[in-house]
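The following blocks contain the structures, represented as structure tokens.
The same chain A turns up in both complexes below, where it pairs with chain B and then with chain C.
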Partner chain A sequence: MSSDPTPLKPGNPKPWNDPRVRSVAFQLIAIAAVAWIGYSLFQNTISNMESRGIRTGFGFLNETAGFGIIMSLINYNETMTYGRTFLVGLTNTLLVSGLGILFATIVGFIVGIARLSTNWLVAKLALAYIEVFRNVPLLLQIFFWYFAVLGTLPGPRQALDVGGVAFLSNRGIIIPKPVFEAGAGWIGIALIVALIVSLVIVTWARRRQAATGQIFPAFPVASALILGLPALAYLVMGRPVGWDIPTMGGFNFSGGITAIPELGALLLALTIYTATFIAEIVRSGIVSVSSGQTEAALALGLPPRRVLRLVVIPQALRVIIPPLTSQYLNLTKNSSLAVAIGYPDLVNVFMGTSLNQTGQAVEIVAMTMAVYLAISLSISLLMNIYNRAVALKER
Partner chain B sequence: MNKTIITMGLAATGLLAFAGSTQAATLQDVQDAGELRCGVSNGLPGFSQPDSSGNWAGIDVDTCRAVAAAVLGDADAVEFIPLTAAERFTALQSGEIDVLSRNTTWTTTRDASLGLNFTGTNYYDGQGFLIKTALGVDSAYDLDGAAVCTQAGTTTELNLADFFRANDMEYEAVVFDTSEASAQGFDNNRCDVLTSDTSQLAALKTQLTDPDSAEILPEIISKEPLGPVVRQGDDEWFNVVKWVLFGQINAEEYGITSDNVEEMESSDNPSVQRIVGTSGNMGEILGLDDDFMVDVISQVGNYGEMFERNVGPDTPLGLNRGNNALWTDGGILYAPPFR
Partner chain C sequence: MATHQPLPNQPAPVTQRGVIRWLRANLFSSWINGLVTLVVGYYLLTMLIPLIDWAFIGAVFTGDGVDACRPGKACWIFVEERFGFFMYGFYPEALRWRPTLAFALFALAVVPPFLPLPGRLRRSVAIFGLTGLPVGGYILIAGGVFGLESVDTSQWGGLMLTLILAYVGIIAALPIGVALALGRRSEMPVIRGICVIFIEFWRAVPLITILFMASVMLPLFLPEGVTFDKLMRALIGITLFQAAYMAEVVRGGLQAIPKGQYEAAEALGLGYWRRMRLIILPQALKIVVPGIANTVISLFKDTTLVLIIGLFDLLGAVKSTLSDPAWNNVMAEGYLFVAFCFWVFCFGMSRYSHRIEKQLDTDHRQ
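Take a look at the complex of A and B:
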């Protein structure tokens, strides 16, 4: 009677037969095996090194370094520890890579667009720039900027002076340093308020434009706010900012803020070299946008500048971002050529001097490699997030 | 793309790999290979510098050639491996070289924590300053605020910091990775002062675009006993390298030179006989031939000859023996007896 066959349920297979459980399990086993091999290699090395009288471990990070570093974003002097030299090197690496990425992107975009200019001269100049700087080895360019360009500036006693407050010499650029007195905090607060209000205005203007088509001059208003509000606070609080103007004494200037020529040369070389690659990436990105898009936008009556900004670039970005990421990674890694001209980056300070003073090669090389890996992974991650944001959204 | 990271990475990996093999028999390895691998500097006049046809010369180079003569009977059986200051110890630890002879200062940290042994001193040096004459400074104690060019990974860098701190002076350290770059930085006026082991200053001065634009300050701010280094844990090899240099110093003391070493083999002075191997078994107990010092002295010379040829008054460095004279001549060169 009740011969209705019970339908086969998509049953729960035993865990060891479940493909999902299996694949996860296999991956876990693989990771564990790799970790174990790495760990035993490490342990083996450490114990062998100990038996050969080579000191191991990370205790050296708490010892006094004893050497001076020419430039540091954080407080440093030679009585501080090797751990501190690591941070000094790291921040210097981040500084030169960060600025390099910023400048290379700006220059690269300008040159990439110039390369497609309808003006013959502009296009050819851009082409010449790319061909020259892309094909000369980077190290040579660093030496060029350092020794042949910045090195030929006059000495500090004959420094080129800009209005008697800033000075350019072969010791770098030195500018007055702001000295904040009581009440200066209000200027900062004013700046933050201005930034927040500007953000609100820009968002509101964009929404309104999307809804009604009316354009609000958000950019001029925001700039006025950002400049005006802190200036107002400055005046109201009775000018609470003084200036420490560099003065010449003995061998060099004292006071002020110095940007050392090593930083300048490295930044120039990294920017100019990497920008050539970025320019080519930008150019190919723009070319990849079908000309129909431009023609349609022009037919709608958009001015050429807007066509570029609103129609072409957003579509080109999808092609541009992935190779751009690898240029950013290259720039960061290339920044370690700093050692050739004595810019105190991580490789120079930590893997150079600290390594040699302590002799703890394995630990220091491992830490340095971990840093470059972490920086590279962070850049990739950020760029992937950005890429997802600009990617084609199918609707 | 990134040479330093790659070389250092490889060196560290080498350390990992080499840390596996424990028992070291460098003497046997060198004899099997028929060649001594010797770490020297990239180019330092009088110490180790390749000439235009790639032949190395200098007192550090001769120190290696002497070891090769003792161990292999041929002073030319050496492969010279140029190293920067920062690379040198890793290269030795990882087994890339058999002996390091690269104007390296003997210090406690290096001796005790790097798994290395210093075998002796082939040049007693000290640190000094080269300064631009135009600055009108004539003492190192007037250097407050100066920018100083130096080389990474050296004792020079540390002594510099100590000297300025001890004398309560400020300075700006401009640190390069090769001595060539620091010399260029000084020439280019990036720094007011260049600091290095004093033996180098005279040679560096002659290489400036205008040698008269700089002068050497009188102060010597440190002790820099420079000498060969080997890996710890191989006493046989340590003894060989140590006693080749002692042998050369003793040879000078007893007047044995490359010119008269043949005649000296028939000397009846027992001290001389032990050095040239006509009596005693000095070679045998070191694991070498008894007449190993004859090979060393005839092919490389005694210590004095090595000094005169490379750094002495008739060379571009023009250095006097000073501290490096024998103890019998008012210097501090004093080798333990060969017996």
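Take a look at the complex of A and C:
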């Protein structure tokens, strides 16, 4: 009863059915397609630029820019080069992002914790804040603060007086400026010494606790050092820091540090908007630590403060930090909306004015994008290192 | 024999029931909590009452021009007077029924998840929303065929433009994003590399630089004679930008599918595309509905950026009205009006996505 005359024989698949051959073929096609697109874009760009008479190369960076910038952290005037305008824009972007990150983190953590409050009113208030500001476009918030709030402040002559030292007007916020006299350097040195000593004490205390179980009050000692040592230096050197308090003269204030309203509006909007996202991240991070952890820590006899510091916060941070970093990146990228109200950030100064004057779109756009790319990639890199360090070590 | 007669149940003490119990538990659980409640409540009231008075009670809603406004109170007259401009931009008034009809169709495509419809009808409505509606909507709004008068894109504006940007951006970004996510998970190193570079590049740069690039550099990239109008350029930039974010969201879903599903699909003898289409993507996309909704909401808010390259979306329309000297003292009202519009849409979308999420949730979890 033998049926089936043809036994099954494993044979080689046809080349076009072989997954390996297909994979190589697809990849070759992909490379060819990308190369062709890149080549044709390059050719089009070159011929378009020639026909429009646009120069190429980075020579323009050494030419005189010839336009003023309303605010710069480094020395700048119209006679300086386009390369300098790039640096001015870059430092202004970093300034507003850095301050924004600082304030947004503070507000975000407060609101995130308030959201978990047992007090109904506080929790609902935090929720309302989050739902209102998260769902309104950032650009609109910037406009609102800039035109509808800061723009309607009185002029310098009727400036709002904050304690006689700071003034709020439609020209911005003016705060006293510290003036460092001879000997002020010692305060800085004292601060650095205090920081180093504190670091040594904390490390030593941790080691001693691991070895002997005895606890050394490292935190109060370190705080006393960091606050006390510079204060001591300040007194010993005969109070070498004075304050330059702004005074009204003519039509505007003289002295002090002026924060232009553009900066204020941008900072307010970035802080309020990003803080809503940070608050949600903080809340979900804290909620993610299961209550069993807290109960177990309390059962071990740890006082509540230590439960928070040693058990809850380290585990919550593992959940909080990665999305928090991406919010920081978002804030940095969103700071480019400065262009809408004229805060002189990188996009406004370099991609706006400099591009309009030189017409070298390709180089300028590439440089601007490279800056954001560099910031973004370096932060992602740090993030990955951190993630690897705190990830659950599963065995 | 005396039978035991239990006393009737006493009502709970007055402090342990009703409003008082709730107040005690939620607002005055400890003396410090009570203090916080009083302080926060006091400041809330002192801020809210004048605000409500300014915005509603004392405000002027209808009237004739700016002169009807009261000083120190909100003036909402301009919303009524410029309503057509805010909604449609410079779109010719006689033809405004066309975008209105398109948005009515859009509403029809969006509503079904809330209605108890048979699955087949619901599915065909969803397919219409993704394919027929963009084409039909374009024909209706742009015109130029079937005897409809052609309307140039430079006349489009207001809320209409905002919705078009968001809708087209999302419809176009979703398939590109899925393709990029699949590419990033591919076993072919070249494909993976291309996708990773593409995604990371678009995610690293701010949208505003992309819009600048689209409006300044795109004409340089294209061969001579090929030109796009401003709206098209913005749409290309927004779509590519959003596709990169969408790709990362979808990748999260792909990674969440257990390996067994991939292997089982392979064991069934399905080819790559059928594996993805029939087994993996339906599960992955279902997981990432909240992520997609978040992307859609952020895209909707980001569409306001087009005003920087000179398009008149809702924010741009209101802003240009406010720079009109006749209306320059209603600054706060103007921005609050736009904020309210955006808030309604964004909040609605997040509720909508919760609804869809629940509907798609076929998991048998306890």
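Here is the rule we use: the second predicted complex is superposed on the first by the 322 of 395 C-alpha atoms of A that agree within 3 Å, B and C clash if a C-alpha of one lies under 4 Å from a C-alpha of the other, contacts with A are read in each partner's own complex, and residues count from 1 in each chain.
One rule holds in what follows: a residue touches a chain if its C-beta (ideal position, glycine included) is under 8 Å from a C-beta of that chain, and two chains touch if they have at least 3 such contacts.
On a predicted model such as this, the values are computed, not experimentally measured, just so you know.
Of the two partner chains, chain C is the only one that A:V136 touches; chain B does not reach it.
When the two complexes are overlaid on their common chain A, residue A:W120 makes contact with chain C while staying clear of chain B. Touch criterion met: A:L373 reaches chain C, while chain B stays clear of it. Touch criterion met: A:V365 reaches chain B and chain C at once. Of the two partner chains, both chain B and chain C are touched by A:N44.
Judged by the touch definition given at the top, the superposed model places A:Q357 against chain B, while chain C stays out of reach. In the superposed pair of complexes, A:I31 makes contact with chain C only, with no contact to chain B.
Of the two partner chains placed by the overlay, only chain C lies in contact with A:S23; chain B stays clear of it. In the superposition on chain A, A:F144 makes contact with chain C only, not with chain B. Counting contacts by the rule stated earlier, residues 41, 44-45, 48-49, 51, 147, 151-152, 333-334, 336-337, 339-340, 347, 351, 355, 361-362, 365, 368-369, 372 of chain A appear in both its interface with chain B and its interface with chain C.
Across the complex, chain A meets chain B through its residues 41, 44-45, 48-49, 51-55, 66-70, 78-79, 147, 151-152, 155, 170-171, 249-252, 254, 261-262, 330, 333-334, 336-337, 339-342, 344, 347-348, 351-353, 355-359, 361-362, 365-366, 368-369, 372. The part of chain B that touches chain A in the complex is made up of residues 1-2, 4-5, 8-9, 11-12, 15-16, 19-20, 22, 85-86, 89-90, 93, 109-110, 112-115, 135, 143-147, 152-154, 157-158, 160-162, 164-165, 171-177, 181-182, 184-185, 188-190, 192, 231-233.
Contact residues on chain C toward chain A in their complex (touch as defined above): 26-27, 29, 33, 36-37, 40-41, 44, 187-191, 194, 200-201, 203-209, 212-213, 216-217, 219-224, 297, 301-302, 304-305, 307-308, 315, 319, 322, 331-332, 334-336, 338-339, 342-343, 346-347, 350. Note for the complex: chain A touches chain C at residues 23, 26-27, 30-31, 34, 40-41, 44-45, 47-49, 51, 118-122, 125, 131-132, 134-141, 143-144, 147-149, 151-152, 333-334, 336-337, 339-340, 347, 351, 355, 361-362, 365, 368-369, 372-373, 376-377.
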